[in-house]
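Heads up, the next two complexes both have chain A, just with different partners, chain B and then chain C.
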Partner chain A sequence: MNEHANLLIIGAGPAGLSAALAAAPRAKRIVLLDDNPLPGGQIWRDGPQAKVPGQARRLREQVLACANVHWHSSTRVIANPAPNTLLLENAERGWQIDYDCVILCTGARELLLPFPGWTLPGVTGAGGLQALIKAGLPVRDQGIVIAGSGPLLLASAATAKSNGARVLRIAEQASPAAIASFAAQLPRWPHKLLQSISLFDRQYRSASHVLAALGRDRLEGVRLKQNGKVVEIACDRLACGFGLIPNIQLAQALGCAVERQAVAVDSWQATSQPCVYAAGECTGFGGSERALVEGAIAGHAAVGNRQAAQRLWHRRARWQGFANALNTAFALDPALKSLADSDTLVCRCEDVPYAALTGHSDWRQAKLASRCGMGACQGRICGAATEHLFGWQPSAPRPPFSPARIDTLLCLEHTRDA
Partner chain B sequence: MSSTTAADVIVIGAGIIGAACAQSLAARGLRVLVLDAGLHGATAAGMGHLLVLDDNPAELALSQYSLQRWRELAPRLPEACAYRSNGTLWLAANAEEMAVAEHKFNVLQAQGVTCELVAGRAVRQREPALREGLEGGLLINDDGILYAPATAGWMLETTGIDQRRARVSAVEGNRVRLDSGQWLSAEAVVLANGIQAVDLCPELPIEPKKGHLLITDRYPGTVTHTLVELGYVTSAHNASGPSTACNIQPRPTGQLFIGASRQFGTTDPAVEGWMLARMLKRATEYMPDLANLNGIRAWTGFRAASPDGLPLVGRHPQQDGLWLAVGHEGLGVTTAPATADLLSAQLFDETPPLAACPYLPDRFLGALAHA
Partner chain C sequence: MPDLTLDGRPLHVAAGTSVAAALALGGDGCSRTSVSGQRRAPLCGMGICQECRVSIDGRRRLACQTLCRDGMQVETRP
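What follows is the complex of A and B.
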């Protein structure tokens, strides 16, 4: 028999945890799941070298202490075989869950754009490096260059430094004017102002972006364009991320409308599909504060507590303002679309170079001709890159949404008449 | 309704059939314009299995001739076409199926197809991942595989071929109307757009047969031959309801394709969980350890099936200047070179390399209205 949830919450980052806490007093059985071993999402990722903030720890403890909240760790959504039913998988088994209502808190992933050398060992995403360090990667005394765009660069640098790395440069592609205008608005969110002061690093340079990762068998250095000048810096690691893109695949599979590459929601955080809510980064890049309040609104709304939800609208508006300022300031320079050489790999799974993709008219055609996006990551990385580079819309998601054991897929045998 | 002469021949459909026809005609010095709407065709969805099938003599003649043509083409195919001559191992689960294998063996040997019967335990020596207790098998040595989208792309690079992304909204003999309203004409128009052919010629007796496929992550060395259960011939192939059959194909990447399913009466391209599960279950009945492998992608496609399982290749009997190369069901990739040879021989009024009669559209559409 299928597991049942009155309220199913997918993703246990700030939005998902906050949604669970808000809904708990009124929901009968809440199931919270995440594909990571511990709750916290990307921003509050736990691990041997992680310093999870007190607020995050308290929220996590509060949620897991609710008797009606059932937590599934390391669990992925594989398919949506019938209305209000999902197929799930963890390391041991596959099973189906029925739900009355679902809140999608599927977060965001880093936008990785191809540039010469980006596939060398030693090159990671900016958030990717942070996650690796939290999970235990030693970086003591290593020279690290961080590049790309957005506040994640500073956060990644802070994690690296606190674990003993030497941050040699932080290269932010946004212009000094854009950064200054963003900084001028920061007093509207005093907490963020303080945070940015604490994160400030004298190696920070605006109007700077990566040109190439250098090295033969692994990274030895990085070539940057810094305020119009080309500089080379010897380093052990390069962490490069060009901002975050919402994870909308599951929402799309459930038929939810998408606007500007994010799940479209109304003021109750409801999507275009009945009983499907969305909160946090999957509704657009906005930071953990916005995710927390969106999660709470979705949690209240999903259990019919509209009053409580409505009381939070002004807080959401405040953090939405911050998100808007952020998104304006860190809009990507079109020059970043031309970093790749003809032989730079765009799809790492299938070794597809940039030259094999130019000249195609859409994602599907390019994929069939070059095998781009046909590997194990199923275009999670290169699909987003080609969407940015060429404007191609990735194809609609099909089950399995993630690689899944065939044994798990066998669970779907009797879903025909469901 | 003035029309522009666009080329010597207009081919509608840039799948493997349209591409092979275009290549064959261009090789004869014709200027060929290939129009394709960019829809999801069977070439992109299929397994790219090149196999000799012998449900009837005409199918055997077509597939055997075509396999020979693929072997001739093989040295010229770029690596991206992923051509391999890895053989098909037909699996017999019981004595009845082994009798079918023996019959097939006799028929194929008589036609000069290289094949061998594999008895009992020897099956697992050939393919150790198979379960114990299979009755035996039939290995068809010269069957192969390829990556059809890249192969179609390679064929279309032939000098003399122009390609255009355009949807054809009407066909009248040797003239076609594009979505834009523009009419194009040529000496001949070749309809090679699979299940979409009925949109332009509703009189064609072609029905979509939906199929599911799944591809695994990379597990090199797990399987060598393409493995197909003989139940594919004895039961599933002839059933009218939804059916599945074990069909496991190793890709050069080390991935495995797992098929196959058949459903009539639907044009919904969605991956249906229950059908996918049934199909995978059938495959695990032959290869239990598949259950522990990761599937990374599943998709569906539609085979363009004719009532007798044979394609329609030749002139449209009621429309002067219109030629058909449609209805290949699951054998389009296998029989593309043969189809192209048959079609161009007929277009040039030459004696085709094999008897054209069993594949002529007249058998469904009536006799020639013009001669």
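What follows is the complex of A and C.
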């Protein structure tokens, strides 16, 4: 079965939802899809241990109430077999969709860097732990160390604590000076200032980073470098993430230009490809407020309502300022490039150690020689890590973009026959 | 309130619980065995790393992006 959309929106986080709502009055048939079971993206996750804020719930209800918005849950993009056509898959079936115009709202993922012991059960991403807890992961009475960089560490700690965990340490790699200068700018965004005060935790240490996760079959403790001193803390979980990086793979596959590791867009949120827009964190890390306004601009622009889009430019500029302040404050310390030992696995899908990667000149060569990045995650974890460690540029992804069933791939035969 | 089976054992979880959370509620939290034989558990929690892939009713799915349903059969050891 094939499907047609006048406007296709990929990703139903703040940006995708906001784009759908803005475009709905003028678009004939909008299809909104996301690989998660529920709309809301990374920040607005419902679950047995989480409640989505009222504003988010209302936005979601408004979007789903539009008769011309068709919502596909748990749906991933597998391939781009022809211009303006994508191959999709959900739990039951695979099918092709063709579209007049698409808005990419694919968000961001955490930068996860390899360090000794990071493959032990009990080690997760920082935002990763937050997402898992919201979906019901039990953490009551567990001792948790949170490490890495960025405001997500505090958000993750707050979720863990409110579900009964003991947060033993929050290790932020940024220097005290960087954090102080960021905090000094916060009054420009009063809402964010209040948020950060409510998230403050006395276990927070700056200029601190993980050295190793310790344990045999699962995590038993962590070794940290804390303000120059090495300390060990016994714990049940380590949640470690080094900030967010834009999901640009789909945009790259569609031929969109990329700038500073994010999808490049103009003031209408249009990419370098005709009829392809991008909004939210895939155009750069910057929080949900920026994602909402970018989504609305893209939604209006995609249906030709340039006036409405332009009216939002000043709001976007305000949140872009916040994003810039964040990115400067939490820039990564070069010391984090030397966390891995020679036997630390860098590619967790193919179990490729660090030693097998040194000596190669680029991603392609390393991949062919070692199978790094050839596994199920298609280099989304190790490609981002080696980009940070060695400066290698991962190549644009080739379909299938995620592991797919044979019967889904067989749908491609229809395109070829046509 | 779904009732499922995890590696042959019955498990009852709250509505809206992901399979990734169920792995920890009803077992040791692990999802798969790596190519060199290490046990692994969900890492990113958001559908990127693929560490959480398990067999659900005979199909390979991501535990972190799948909600528990009544009668589901989840296997973490192939």
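One rule holds for everything that comes next: the second predicted complex is superposed on the first by the 414 of 418 C-alpha atoms of A that agree within 3 Å, B and C clash if a C-alpha of one lies under 4 Å from a C-alpha of the other, contacts with A are read in each partner's own complex, and residues count from 1 in each chain.
Operating definition for what follows: a residue touches a chain if its C-beta (ideal position, glycine included) is under 8 Å from a C-beta of that chain, and two chains touch if they have at least 3 such contacts.
Every value quoted in this text rests on a predicted model; they were computed, and no experiment measured them.
In this overlay on chain A, chain B fits alongside chain C without clashing. With both structures placed on the common chain, the touch criterion links A:E413 to chain B but leaves chain C unconnected. In the overlay built on the shared chain, the residue A:D362 is in contact with chain B alone; chain C does not reach it. By the touch criterion defined above, A:M374 lies against chain B but remains apart from chain C after alignment on the C-alpha atoms of chain A. Of the two partner chains placed by superposition, only chain C is touched by A:P37; chain B is not.
When both complexes are overlaid on chain A, the residue A:P403 reaches chain B and chain C alike. Of the two partner chains placed around the shared chain by superposition, chain B is the only one that A:P81 touches, whereas chain C remains out of contact. Set against each other, chain B and chain C touch different numbers of residues in chain A, with C touching more. After overlaying the two complexes on the shared chain, residue contacts for A:A131 are found with chain C alone; chain B is out of touch.
In the composite built from the two structures, the nearest CA pair linking chain B and chain C is 7 Å apart.
Overlap of the chain B and chain C interfaces on chain A: residues 375-376, 403, 405.
Residue ranges of chain A in contact with chain B, taken from their complex: 79, 81-82, 87, 361-362, 364-365, 368-369, 374-376, 378, 398-400, 403-407, 409-416. In the complex of the two chains, the chain A residues touching chain C come out as 35-37, 42, 46-48, 74, 91, 109-110, 112, 119, 121-125, 127-132, 135-138, 217-218, 348-351, 375-377, 380-381, 403, 405.
Residue ranges on chain B touching chain A, taken from their complex, read 38, 40, 44, 149-150, 153, 165, 214-218, 258, 270-278, 280-281, 283-284, 290-299. Contact residues on chain C toward chain A in their complex (touch as defined above): 13-18, 20-22, 24-25, 28-30, 34-36, 38-51, 53, 59-61, 64-67.
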